[in-house]
Amino acid sequence: MRQVSTSASALSALTGGVLTGEFRRVHGVEAVEHAGPEDLACYEKGEPGRAGVLLAKAAIEGRTVIVVPDPLAALCMVLDHFLPEPGFVTAVHPTAKIDPTAILDPGVVIGADCEVGPGTHLFPNVVLYARTRIGAHCRIHAGSVIGADGFRYHATPTGPLKVPQVGGVVVGDDVEIGANCTIDRGFLTNTTLGAGCKLDNMVHVGHNCTLGSYVIIAAQTGVSGSSRIGDGVLIGGQVGIADHTVIGPGARIGAQSGLHGTIPAGETWLGTPALPISVMRRVYAITRDLPAMWAGWKR
Amino acid sequence: MRQVSTSASALSALTGGVLTGEFRRVHGVEAVEHAGPEDLACYEKGEPGRAGVLLAKAAIEGRTVIVVPDPLAALCMVLDHFLPEPGFVTAVHPTAKIDPTAILDPGVVIGADCEVGPGTHLFPNVVLYARTRIGAHCRIHAGSVIGADGFRYHATPTGPLKVPQVGGVVVGDDVEIGANCTIDRGFLTNTTLGAGCKLDNMVHVGHNCTLGSYVIIAAQTGVSGSSRIGDGVLIGGQVGIADHTVIGPGARIGAQSGLHGTIPAGETWLGTPALPISVMRRVYAITRDLPAMWAGWKR
Amino acid sequence: MRQVSTSASALSALTGGVLTGEFRRVHGVEAVEHAGPEDLACYEKGEPGRAGVLLAKAAIEGRTVIVVPDPLAALCMVLDHFLPEPGFVTAVHPTAKIDPTAILDPGVVIGADCEVGPGTHLFPNVVLYARTRIGAHCRIHAGSVIGADGFRYHATPTGPLKVPQVGGVVVGDDVEIGANCTIDRGFLTNTTLGAGCKLDNMVHVGHNCTLGSYVIIAAQTGVSGSSRIGDGVLIGGQVGIADHTVIGPGARIGAQSGLHGTIPAGETWLGTPALPISVMRRVYAITRDLPAMWAGWKR
């Protein structure tokens, strides 16, 4: 149980909801299935459990309910208000243009010509290579490396020649990047992430990629160089995206898929190589039958 | 050759074995195929090579053998005794409850309300976010990040709303976590790893997951949020586990598999989507024949 | 546009090319499709765009061209000359044998008995565990961990027994390792990377692996323990290589493949489990047709 100490009426005022049922005090916030009589919980469907106070879309007979249009959004407000994230000790690096409201945790290293916008939080051991620009109100989690060299070698008779990577990385506002991610800088121009992008842990984005706004990428996905990902695209975990892939706005990509070429806007694709999800689901459904078919066909 | 200087009889005493064959001194420990007359080696099967002294299950004519029931376990004792791991310089962070016998290497950052148990070693640049509890005798390798935000956004008309992650991470005793892993903290409750879990490098565990005791996970595997993994489960490398997956105790999962739903206790599954290994091995075996079958069927 | 200020004739002298067309000054370097009248660009095929000066293999009517045998190699020379990489502040760790010409960035941690060769650059937060030897002119990017424990446990009646890892890692000259990689140390002997190897971000190499010279590995690939990879092998992204795999010199492995056993020298393999690329491409081509074949066959 997370400790808070407040009342149902105060929570109702905070969330802009309508309090129904009897007055109750609240001492914790819990998942609805674990909550007890002193807890607040968010109720969306199924069993309403034993929580003393519920955030829900409608009143429930015999229960104390704060009626709100979006219970989870209301719970987020409560958590942000009562349980702010504890900070690490801050160590500001003197050579970069850091907005005074940005938070730089210990172990953060920032190279030349970088910029970090207002309200942005760089968690411990984040590294920004030279020429990285991070917008406002971003969160970059521990161990992520932004702006390392793109991966390109030029084959010559005397072995691979490193192609210098002299571009940068530009990250828009309200972007969250998980722990231990890598976003490489561009070759001559920039690698760019649009406003509101959300990357889970261990996501890799190669050089010269362009991500639109509100692109959401789950853990351990890799985006190879020069790919372009449209606004609002959703990408599952462990997806591999070949270089120069183009994904149209609003497309969705299932976990562990492998992509190349062009994915049309708004479509959902799955598998390696990826196909429209309706096709690939049928392939997945009959995979276990293939050996029997082969045995029968050979006869 | 790793330098030691001892004798076959001292090694016999150390390992509790029975010395057979002539007395010999030992100056190194080597793999059996590389060992020479001054080396100790562990012999299990195949060629016994040229090692001066062998740890083996039975005496060998004309050779100096320390007979032990488990030669590799005996070798581990020798290595631990003669070749203790050299330490890094330690830098203890003053604001966390750290057992005085724990080792914190340089670059380690520990947030508020964390606990680290006796004998635990946090290697360089490990980060513990607030509310992370690490048990006794754990080893967490360099660059791993424990307790970063779980990955959850709530879709609203004005874009994705971040769902605050206010739970913690609880890691049991005798857990080893490899380098550059990420274990996210829970949403309201905790993400938990049971005693004796062993994670290889770059393993990702999402928020609210529960791993039982002695779960072993190979490199680059990702476990999505709220999954439950039973005691003694073995998971290969680069496996992807969807959110809310349940894996029964003692199950085994082959490398590069993709899982969702429920995997029964004690079974071995493989592939994407995963199937029982006997089924998937038959699919793998006929994959190369599918184009010929298709060509024949079309006619 | 990257700022430089020079002339076509100076660039011709720098690159050893032959200047054709009228004299022009140059103020930037750009991709050929974005370059304007004051920019230098590298032209290889397609549209020559509007760049004021081109590096190309042959003269072009009405344009200022520096004729060189390898335009991209010439561009690399220009970039290295005019846009050297800005350094981080250096913090040398006192207890290791570091060549005085090596660069160690902030947050680098180096264990006992390590060696770092001349001209090598360790970027921020790189960790070298004890007994790691890095050759000359290497670049190891931020967050990479070299020499952590190999992943091996010995099953005993009382649970998994950790097998101590007392070998090291030996990295040859001119090796580049991307950000957030992990290279584990060997069990008794060493894990070795030959000269000129190039690893992208988040690559994992397990204990006792041997990589030959000029092995190139794309992002998020994992190489399990004791694998041997021959000279000049090219491996795509997100590939999984089982333990004890042997890949012959000059072989190529497609992205997201899963390998085990032996891959012959010079061949190109693809898929999970991997097959020769010509076979697997035919399988990929008919994957979408399998459900129809199954439906027809059942009738």
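As written, the chain order gives the labels A, B and C, with residue 1 at the start of each chain.
Criterion: a residue touches a chain if its C-beta (ideal position, glycine included) is under 8 Å from a C-beta of that chain, and two chains touch if they have at least 3 such contacts.
Nothing here was measured: the structure is a model prediction, and the numbers come from that model.
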item	value
Overall pattern in which the protein chains touch one another (line/ring/star/complete/other)	complete
Residue-number overlap at the subunit B/subunit C interface, same or different (half cut)	different
Between subunit B and subunit C, centroid-to-centroid distance (C-alpha), Å	27
Residues of subunit A whose C-beta touches two or more other chains	107, 125, 143, 180, 202, 220, 238, 290, 293, 297
Subunit C residues within the subunit A interface of the complex	2, 29-31, 34, 70, 72-73, 76, 79-80, 83, 85-86, 88-89, 105-107, 123-125, 139, 141-143, 176, 178-180, 196, 198, 200-202, 214, 216, 218-220, 237-238, 255-256, 284, 287-288, 290-291, 293-294, 297
Subunit B - residues contacting subunit A, complex	95, 107, 109, 111-113, 125, 127, 129-130, 143, 145, 148-149, 151, 153-154, 156, 159-164, 166-167, 180, 182, 184, 187-189, 202, 204, 206, 220, 222, 224, 238, 240, 242, 258, 271-273, 275, 279, 282-283, 285-286, 289-290, 293, 296-297
